[in-house]
Amino acid sequence: MSSTIGHILKVSIFGQSHSEAIGCVIDGFPAGFAVDQEQLADFMARRAPGGLPWSTPRKEADAVRFLGGLSQGVTCGAPLAAVIENTNTRSQDYDSLKTVPRPGHADYVAQVKWKGNQDCRGGGHFSGRLTAPLCVAGGIAKQYLETLGIVCGAHLIQVGGIHGARWDSQQVSLDQLRYAQEAVFPAEPPYDQAMIDEIVQARSEKDSVGGVIECAMVGLPVGVGQPMFDGLENRIAQIAFGIPAVKGIEFGDGFEVAGRRGSANNDPYRMVDGQVSITSNTAGGILGGISNGQPLVFRVALKPTPSIFLPQESVDLSTGSNTQLAIHGRHDPCLSVRAVPVVEAACCLAVLDLLLEQRLDLV
Amino acid sequence: MSSTIGHILKVSIFGQSHSEAIGCVIDGFPAGFAVDQEQLADFMARRAPGGLPWSTPRKEADAVRFLGGLSQGVTCGAPLAAVIENTNTRSQDYDSLKTVPRPGHADYVAQVKWKGNQDCRGGGHFSGRLTAPLCVAGGIAKQYLETLGIVCGAHLIQVGGIHGARWDSQQVSLDQLRYAQEAVFPAEPPYDQAMIDEIVQARSEKDSVGGVIECAMVGLPVGVGQPMFDGLENRIAQIAFGIPAVKGIEFGDGFEVAGRRGSANNDPYRMVDGQVSITSNTAGGILGGISNGQPLVFRVALKPTPSIFLPQESVDLSTGSNTQLAIHGRHDPCLSVRAVPVVEAACCLAVLDLLLEQRLDLV
Amino acid sequence: MSSTIGHILKVSIFGQSHSEAIGCVIDGFPAGFAVDQEQLADFMARRAPGGLPWSTPRKEADAVRFLGGLSQGVTCGAPLAAVIENTNTRSQDYDSLKTVPRPGHADYVAQVKWKGNQDCRGGGHFSGRLTAPLCVAGGIAKQYLETLGIVCGAHLIQVGGIHGARWDSQQVSLDQLRYAQEAVFPAEPPYDQAMIDEIVQARSEKDSVGGVIECAMVGLPVGVGQPMFDGLENRIAQIAFGIPAVKGIEFGDGFEVAGRRGSANNDPYRMVDGQVSITSNTAGGILGGISNGQPLVFRVALKPTPSIFLPQESVDLSTGSNTQLAIHGRHDPCLSVRAVPVVEAACCLAVLDLLLEQRLDLV
Amino acid sequence: MSSTIGHILKVSIFGQSHSEAIGCVIDGFPAGFAVDQEQLADFMARRAPGGLPWSTPRKEADAVRFLGGLSQGVTCGAPLAAVIENTNTRSQDYDSLKTVPRPGHADYVAQVKWKGNQDCRGGGHFSGRLTAPLCVAGGIAKQYLETLGIVCGAHLIQVGGIHGARWDSQQVSLDQLRYAQEAVFPAEPPYDQAMIDEIVQARSEKDSVGGVIECAMVGLPVGVGQPMFDGLENRIAQIAFGIPAVKGIEFGDGFEVAGRRGSANNDPYRMVDGQVSITSNTAGGILGGISNGQPLVFRVALKPTPSIFLPQESVDLSTGSNTQLAIHGRHDPCLSVRAVPVVEAACCLAVLDLLLEQRLDLV
């Protein structure tokens, strides 16, 4: 319940923004896999990018320490346990959150749900910081999937009013999937600069912006996903909504398909070089919840960072009166930038869990 | 895995479009609840509406027979088991599906996944007909939630190119939620007629159209939903993607929030009559995955019915050659119409499961 | 929760002793398996043996009707759904159970737990009759395991004061495992007649007797079972305690090992014909929850049938006064006889679920 | 799978005997509970008792560090995460285990299952040391249950050939339940000294002994436990077999009931002071898997510590030849002594999980 996900590959996320540490336990990962720690560190670094005008002053080295599950760097069959210490926290920034909930945050619902026992420092367990352990788990899953020839990538296709270009879902290239791995900003030129400007502008106005992330995966064999409630869409969605600020998800052509005729939306089959081929990909690689061999494509919409420096209307729960809230501290003006690898992590975890689960059907 | 969902309230759906019967087992439903069979029949009837120009000639009485779980009409603590016999099936319509997969259907992925052992008659377990047992389970959940003052409803807000009006997410009324319960067509005037025309037009052209369903729930207390992976969004999405043809889901203002500033998207708190009130509802009643006391609002996008009468390009898997497919049989030109109660069912199941699960936190 | 078990192979049992029907849904069974209906009927028949002096007059044909999951007799990837109609029930026999609970039965706890809403006819969902659908699921699992060379069998080794001989856990033969399949009474000569006499004697005194069932499985590869909470012992025990009347379970030499020295209890390794061999089997084929290649052996203890015809002390819950209870109806004087195939079913379900789950680790 | 247990209260155990640390994540614990750290330390100390002749020279302070889940010492709704550093490990003691498996240990099955990738130092994830995090989780559960008036205790009733006295299952007193909390040795006089002597004797002979632990819980309301697969017996057994060396479990009179008549085994109901009372407790407080208000009583059998200093027959997997194994290092001559609080922990976790799960039915 709550912070545990997965069927064969079970991931349990723990920690609060300002608790001693955050981390995860990954139970069910195959034994005998050499985790590439450097590659994992690179993946984690994408969550906390530097070199951008608004890069947070909070230094999150996010150094991952494995407490268990590895024997000489190789998974040994026991659960993987990873910890990231919380350092450089400034809890005094958050003293008032218990009485004056921040609009758009979980402060108020947590206060009611847990009767004031919640840890509200930095958003507690609801903090975006908890996506770091999700990236640990997802980053290792991603490495493993690559050994099977399954490659995942994501990029920003919208930041506030600025739209970038979607990938051609029929032919997503490895170069495209890996672009954001290397880039300072996870969107392709020429859109990247306009998106950066949009964020800088919002920040200069003490405000924030939302965004849309597109994620794709290639190399999936036909047949991954289970009918009805355990298809690729169900499983990816269940994890993706665990990323703070995600408010929508769509697969393939998503909401656009509602406006279409069946004749325009059905992806036809053709024989190409003796192989069954699908000549369009409105389905985003998924039929009946099951992979059809086309690139898996989905998009998630993230709301603007709720923590803004503009004064906001709120209430003082201790006095029952209206008040104005002025948030201090360090806040990212656009969560979507850092969320790009997190969406990849979510996708990789969902897919690897399904692959492990249905081994028998596939082989 | 696959056709079983839920944590405390476990629902297991079974059957294929042309198997002897379809049905469900509902384990974990509270004892002592008198199921209103007539109300359930009315709810089921919304899945198979008559009186519309394209109403399917297949007569699905969908009479529900309870094999277990009731004692004198009252839930007795044992699992509820419900069966709907499959009658009037015409399997010969589907003889060719194993060799020539229908574009947009799961025929091809099922063929590969199960190596030709799948039941392809009528789409087998992937058939929209399997939403009937989902409605049995969801319909009973809906009845139960109503006794707690929690009311759910849904309506069509888009059919192909025709858009209807969304509900005002700040104040969804009971009348609005119940409109589709009584109406012949589940969209409000003046949009209903245009939508009907759109469907009739598509059908006359041997084609189909997609749609968007909006669902809302009022009366939820603050605090329903668990952090991270078991929030309302995660759980509703996991079930909603179990409805055939659903390709996207968004909560509150959904994908629109990506284009917004935080200052415009954060829902402010105000004291109203001594109560904490939220003065807008971009969040769709959910913060951090947890209900905030506002109406819960979400939308799902459904693709056009993949079964169309226009000839389509496909392949003959037995010969490895290209072919044209002409589908016969009975097919709904717009799945979205019948899916309206199914979306309600999905929402009610997800919410009731969470309510049962977190009893301790709430009370 | 409650009547649903399994991780990859999920089984959901439904029905009450006197509801319209009983049955099960089996989700996650591999596709492409031809269920041998005749063999299944034979297995089911062992639960309701005829030809014994006390064979119950209630005729339970236990004819299994599959509502879904098969296509031309072969599993098709959709959940298997099986139903057994309840016929020949005589509910009037149980009219008084709501007010006067039978000692040793669940009547009283069900009354309190479900506040009088429970179905007490025939014990409701707690009835031994519910082991029939468990045998459907387990019987199919057993057939499947046999195709992998994994064979399971069980026999009675104690009935009341009569003890039979345990199998030699080092070398259980297929003949031994299959003995109870064919025999009228599931214990080997010369013990069978003494056991039968013991039961007849108890019955003639309006009483009942308990028993011990020993179950073994051969052919398991080394490595089946997961560490800690999902080992063979954990999983088999969880299902076995779902069989009414089971009060204890022990693996290998079980409770005897408590009295031993390590030097006597450790099973030594030796090379035999170039293979690692284990020269004794106190462990019952399980080390650390994981199969070691030796025969899997366990025993379950069942209490005497609580329904006896001797008058018993009970209370009248409606009046709050003491009373005497005289049970009528049809009751088996020794549940353990019929439970033999049920224990096999439990074992096969647990093992197949684990095999499906850990495919990747094994291959 | 494997090291994760629980439905509402999910516990995930991690670490190996010689990994950097061991620990657990506890998801779903109620918010607002002040964990008594001192009491928890006392409970943990019972797992590593000093003052006994064979007390292991390995000093396990087992200091628990909470990384998350607490806010000012009170559970805050986020998962509890606890870590115990592994210090003072001497891995060189175990260098040969990969090639020469210890009889009675999981070395060999782990080697085959994980193809040599397992962490065999100190038994890796199979080590009895992993019961420490189980005690963290169970110890907190125990504290919580005590606030509800539910008290659990355990004691040794057999060590090798020495038998102690069982509790009277009809009237287990709080003093009895708490005896082992304070005592140096967890068995009551006069049996304690004979048991200690038995262990000393075995140790002096470079051998080890097994034992039986009896556990009881009082204060449970009627109605705890779910039918069929989620009763108290199923759930307790599933966790109890996660304790290394446990080979059997029995509830109430356990295996003895097999030899009884129903008339002797059925616990009669009587009105006492206007309350329903049960005048014997062969059932160990459980009917149909559900608590009946009597003391919950069960026993587990533990095998003798497999690590003994006597030379043993084994094989060298690297050469495929027979060999003799002489184990060095530090080993407990009777695991059962330290396992007493672990059995309590298992019981408390199972019961609290059920209580949280079925809140609605009870209240």
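As written, the chain order gives the labels A, B, C and D, with residue 1 at the start of each chain.
Going forward, contacts are C-beta pairs under 8 Å (C-beta built on N, C-alpha and C of every residue); 3 or more make two chains touch, one makes a residue touch a chain.
Fair warning: this is a prediction, and the values are worked out from it, not measured in the lab.
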For chain A and chain B, chains touching each: C, D
Interchain centroid distance [CA atoms averaged], chain A/chain D, Å: 39
CA centroid of chain B to CA centroid of chain D, Å: 45
Whole-Å gap separating chain C and chain D, where each centre is the average of the chain's CA atoms: 26
Multi-partner residues of chain B (each touching 2 or more other chains): 1-4, 7-8, 13, 31, 77-78, 110, 113-114, 125, 227, 357, 361
Chain-level touch network, classified as line, ring, star, complete or other: complete
Of chain B, residues touching chain D in the complex: 7-8, 30-31, 77-78, 227, 356-357, 359-361, 363
Interfacial residue positions of chain D with respect to chain A in the complex: 1-4, 7-8, 10, 12-16, 19-23, 25, 27-28, 31-32, 65-71, 74-81, 83, 110, 113-115, 117-119, 121, 124-125
Contact footprint of chain D on chain C as seen in their complex: 1-5, 7, 13, 101-106, 108-110, 112-114, 125-126, 130, 158, 160-161, 202, 205, 207-212, 222-223, 226-231, 233-235, 237-239, 241-242, 244, 246-263, 265-271, 274, 276, 279, 282-284, 287-292, 301-308, 310, 312-315, 317, 320-322, 336, 357-358, 361-362
